[in-house]
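In the two assemblies presented below, subunit A is common to both, partnered first by subunit B and then by subunit C.
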Partner chain A sequence: MTQTHILEVRHLHVDYNGYAVLKDVSLSVTRSSITVLVGLNGAGKSTLLKAVSGLKAWSSGDIVFAGTSIAGEKPAMLVSRGLLQVPEGRHLFPRMTVLENLELGGYLRSARQRREDLERMFHLFPVLRERTDQLGGTMSGGQQQMLAIARALMGSPKLLVLDEPSLGLAPLMVAEMFRMIAAIRDEGVSVLLVEQNVKQALAHADYAYVIDRGCITLEGPGSELAGSDEIHAAYFGTAAH
Partner chain B sequence: MTFTLFLDLLAAGLITGGIYAIVAIGLNLQYGLMRVMNIAHGEFLMLGAYLTYVLHTTLGLNPLATLPIAMAALFLVGLLVHRLVLRRLVHSSPNIDVFEARGLVASFGLMFVVQNLALMVWGADLRGYTYLAEPLQLGGVIMPHNRLLVFAVVVVLSAGLIAVLRFTLIGKAIRAMMQAPLGAQLVGIDTARLHPWCFGAGLALAGVAGALLSMVYEISPGMGEPYTITALIVITLGGYGSIVGSLAAGLLLGLVETFGMHFTSPSLKMVLSYAVFIGVLMFKPKGLFAK
Partner chain C sequence: MKDWIKWLPLIAALAAVPWLTNAYMVSLLLTCLMYVALAVSWVMFSGPSRYLSLATTAFFGIGAYCTAWGLGHLPWPLLLLGGALAAAGTAALVGLFVLKLRGSYFAVLTFGLSELALHVINQTERSISGTVGRVLLNPPEQDAIYLAVLALALAAIACCAWLWRGPLGHALRGIGADEDRAATLGVNPLRVKLAGFALAAAFAGAVGAAMAGRWTYIDPHTVFNPLIGFQTVLIVMVGGASRIQGAVIGAVIFSLLSEFLRMRFPYFYLVLLGLLLILSVLYLPNGLIALLPRKKAAAHG
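Right after this comes the complex of A and B.
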C-alpha cells in the first residue's frame, strides 16, 4: 500500500511540565505538496515541529512518518529516515565554512552522495558556490537561511520541515525563498512550512492549517483559506469581502 | 636581556605552554562539548604520569613507548567514568544547567577518590626517573633532550588533533556539536552516542600530558590539581569549544608564566596566571579570540 500522506499527526497532546501547549492536534502532509501551518506567536507551532523531529516527547496521540510511528525515535534516526528540519533560528555552524556546513548536512550519507548533492546545491543556490569558504556566521540573514535550507536538503529529505524561514528577511529575499520552497516541492520533496507571514505562505500552500492556542481551528486548500473571513479577521483585522 | 636568554625563555615557555594546551584541549572536549566542568581532569593527568612511571620502572618500557598506552588506558577510564557517573546525570537532570552543576559536584568527588587512591597505592613521596636528561646545545640554548622530545610530541599531537578536527567528517561533527548542539542533532549527528567518546578523548589527552610530564619532572598524587586550574584558565582565554583557541592560549600562558617568573619570582607563578585570568574575565569575558 502506498500512503498518500508522508506525515500524519494524530490527536497529539504535548505539555511543558504539565502546562498543555498542544491539545488534540491532528494534521497530515500529502506527499510532494506544501502544507502550511500558520498561527500567532505562542500558538504551539514550534512545539509541534519539535515533536515531529524527535526533540520533544508527547503525552498522548501519535506521529506517523512514511507509515511508521516515530514515538521514541531520536532526531538522528529520523534524519536517516528522511525527515529533515530547518529549526527556528537556523542553528547553523557559525564558525564553520559554507562548505563544511553543507558537508555536515550530508553527515549520514556516503562520500559519493555528498559530492553529488553538493553539486546540486550549488546549482540550486549559486550564491553558496561563490561563498564556499565564508564562515556561516558571517553571512547575511537571507544567505544564512538559504544555507540552512541547503544543509537540510543535503540530508536528502522525503519531508522538509521549515520553522518560520521568512523571519527577519528583506521582502525581496522572502519572495525568493518562497519560490525556492516551491521548486523543492516540484522536485518531489514534501514540505511542512510554519509561517507567520500568512499572506505569502497561503499563496504557496497546497493545503493549510491554522493553529490557535494549541488547537487546530481551521483547515483547507491554501487558496480557500486565503479568502476566508476568519483568516482576515484574525491576521489582517478586516473581512475578506 | 641577551638573545640567548630570550631563546632560552622562549623555548621553556613554549614547552610549558604546549603541555598546558594539550591538557586544556582535553578539558575543552569535556566542558566545551558537554558542559562537564571536570575538576578531576588533573587527576587523570596524574594517573597518566604514574602509569608511565610504573611501566618504565617495573617493566623497563621506554617512556616514549608508554605514551600510546597511557592514552588508550585513560580513554578507557573516560568511557568508564562516563558510563558510571555522567550518563546517570544526563538522564536524571531536568536541563543542561542542572546537569552542569551536578557534574561539577560529581567531578569534585571524583577528584578526591582518584587522588586518595593514588596516595594509597604510591604514597605521598615524590617519584621520578631519569630519561634522556643529558643536555643538548642548540644555537646557544642548552636544553635537556627530554624537554625537546616533550615539545616534539606536543607539536605532533596538536597538529594531529587539529588535522582530525579540520579534515575528517567525525572531526567536523565534533566541532559542529560544540558550535550548535541542536543544529548537530538535526543533521543526524547522534550526540548522545559521541559524548562518551569525546569524554574519553579528553581524558586521553590529560593522560598523555601526564606521561610527558613524568619524563621531565618528579611526580606525586597531588601534581594534577594546578593543571586543572591552568586548563580552566586556558579554555576561558581561548574560548569554550574552540580547540585552536585553547592551543594558542595554552602557548601564550606558558610564555607569560615563563617570562613573568624570570623577571619577577618563581613563587609568583600562580599570581601571574590568575592576573591573566582576571584580566580576561574583566576585559574579554568571551575569550581572547572572540569577535
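Right after this comes the complex of A and C.
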C-alpha cells in the first residue's frame, strides 16, 4: 500500500466540541497523481485538510504520510517531511515581495537548493521572474495563486495539498491553473486538490472523492465521476445526458 | 556590500570625534549612538515580527550590572561580551515562556521582566553584599566608552541588515504577518523568535555594559529605568520600523531634540517632547522614514 500511496486517510473521525464533522473518512492519494476531493460547503473538506496538515487532532482513525503516521506532528515537521499545503485564499504575505515570499517557502532548504529551486520556479512561472520586487499583495488574483503554489513548491514537497486554488479566478485563469497543476504532477509531485469548481477539477483528476456531511459518498476515476448521475444531481441539478 | 563603502567617511569622522571636539560633543554623540544601538537592536527583532518588546530596559540593566560586578576583575571589553551573553541568555530563557504569548500580553510581560530583573538584583545585592548601589572604581574613559558604543551601533546595523536579508529575517517577517501561515511553510515560530529575541537582547546587553562605565555610581533603579525601554520603542515609532534607517534617524533626532529641549526648557522639556511624539505618531503613522522616497532608500539597502 505504502509503495503506491503517498497519503492514506484511514477511518478518520474528527469532532468539534462533540459534534462529529468527519465520520469514518477513508481516502488515499496515489504517488504522482492528482486526487480531487469535492463537496459542498460544510461537507468537511476544510476539516480534513486541517487534519492532514497537522492543525486539527482527530478522535480516531489515522493519517499515514509516506508510510508513517502523522499523528501529533506539528505543521513545521510535516513540511520538512514533504507535506505542503496551499491554504484557501492563498495566504501570501502581501507586504513581502515576490522574491521574499519564495525565499520563505524554501526556508528549510539549503542556500544552494534554494537558488536552484528559485530558477526552476521562474522557469515554471515566468511571470514571477519579471515581478521579483513587487509586493505579493499587489498582484492579480491569478498571479498571487501562482506565487502561492510556487512558494509551496520551493519547499520541495512530495505531496502538495491545494485548497480551492480556482476560487475567485477568471475562467481563463482557472483553465491555466489546472494546466499548471497537471504540469506539477508530471514533475513527480502528488497533488491533493480540494475544489468547488467540480467540472474543471474532475476533468483533471486522476482519481476523485465526493464528500457529503462528513462521509465519503462516492469515489472513482475523475472521468468516470464527471459523467455520473449523482454528481450531476448534486451539483448541477440535472442528471447526466 | 559596496553599499557601506560610501558611509566610510562618516564612520571615520565619528571615530575621530574624541580627538577633534570637546567632551560635551562626545557626550552628546554618545547618547545619540546609545539610542541608535538600542533602537536598531529593538527593531531587528520587533520590527519584522511585530512582537512589541519592552524588555530593552531589562537587557540594558543586566549588561550594566555585568560591568558593575566585573570591573576591576576582568578587562572591560570582555565585560561587554559578558553583558551581551548574559542578556541573550536571559532572553532565551524568558523567551521560552513569554514568546508563546501574542500582542499586548507579550508587551506587558516583557515590561514585567524589567521589573523582575530590578527586584532580583536589588534583593541579591542586599542579601549578599549588603549594599543597594555600587561605586565604580576606575571606570573607563568617556572616549573609550564612546568608541565602544560606536562600534556596537555599527555592529547592530550590520547585524540587522544581514539578519533581514537572510532566511531568519524572512521567517520573522512571516511570523509578523501571520504566525500560523509561516508555520505551514516549515518555520518553527518559537525557535525563530527565540533566536531573534536573544540576538536583539545581546546588543542591548552589550550597550548596557558599555554605558555603565559612564556612571560612577550604579544602583538598580538607575540602570533598570523603564524610560530606556519606552524611549527605544518611541524612537522606532517616530523613525519607522520598516527599515533600519528609520531607527537610526529616529534615534538621532530624538536624542538631539531632547537635549535641545532640556537646555532651553528645563522644566517643560518632557511635556514638549511628549507633545511632539503624539503629533508624529498621529500624522506620521509609518514614521519619518515614510517621508523618504522608497527607491532611493532601497539603493542604500
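Following the convention adopted for this analysis, the second predicted complex is superposed on the first by the 239 of 241 C-alpha atoms of A that agree within 3 Å, B and C clash if a C-alpha of one lies under 4 Å from a C-alpha of the other, contacts with A are read in each partner's own complex, and residues count from 1 in each chain.
Just so it is clear, a residue touches a chain if its C-beta (ideal position, glycine included) is under 8 Å from a C-beta of that chain, and two chains touch if they have at least 3 such contacts.
A quick note: this is a predicted structure, and the numbers were derived from the prediction, not measured.
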Clash-or-fit label for the pair subunit B, subunit C on subunit A: clash
Partner chain(s) touched by A:Pro75 [first = subunit B, second = subunit C, both, neither]: both
Touching partner for A:Glu164 - first (subunit B), second (subunit C), both, neither: neither
Contact residues of subunit A, present in both the subunit B and the subunit C interface: 53, 55, 74-76, 79-80, 84-85, 87, 91, 93-96, 100, 103-105, 107-108, 151-152, 155
Contact set on subunit A toward subunit C in their complex: 53, 55, 74-76, 79-80, 84-85, 87, 91, 93-96, 100, 103-105, 107-108, 151-152, 155
Subunit B - residues contacting subunit A, complex: 169, 172-173, 175-176, 179-180, 182-192, 242
Residues of subunit C touching subunit A in the complex: 167, 170-171, 173-174, 177-178, 180-189
Contact footprint of subunit B on subunit A as seen in their complex: 53, 55, 74-76, 79-80, 84-87, 90-96, 100, 103-105, 107-108, 151-152, 154-155
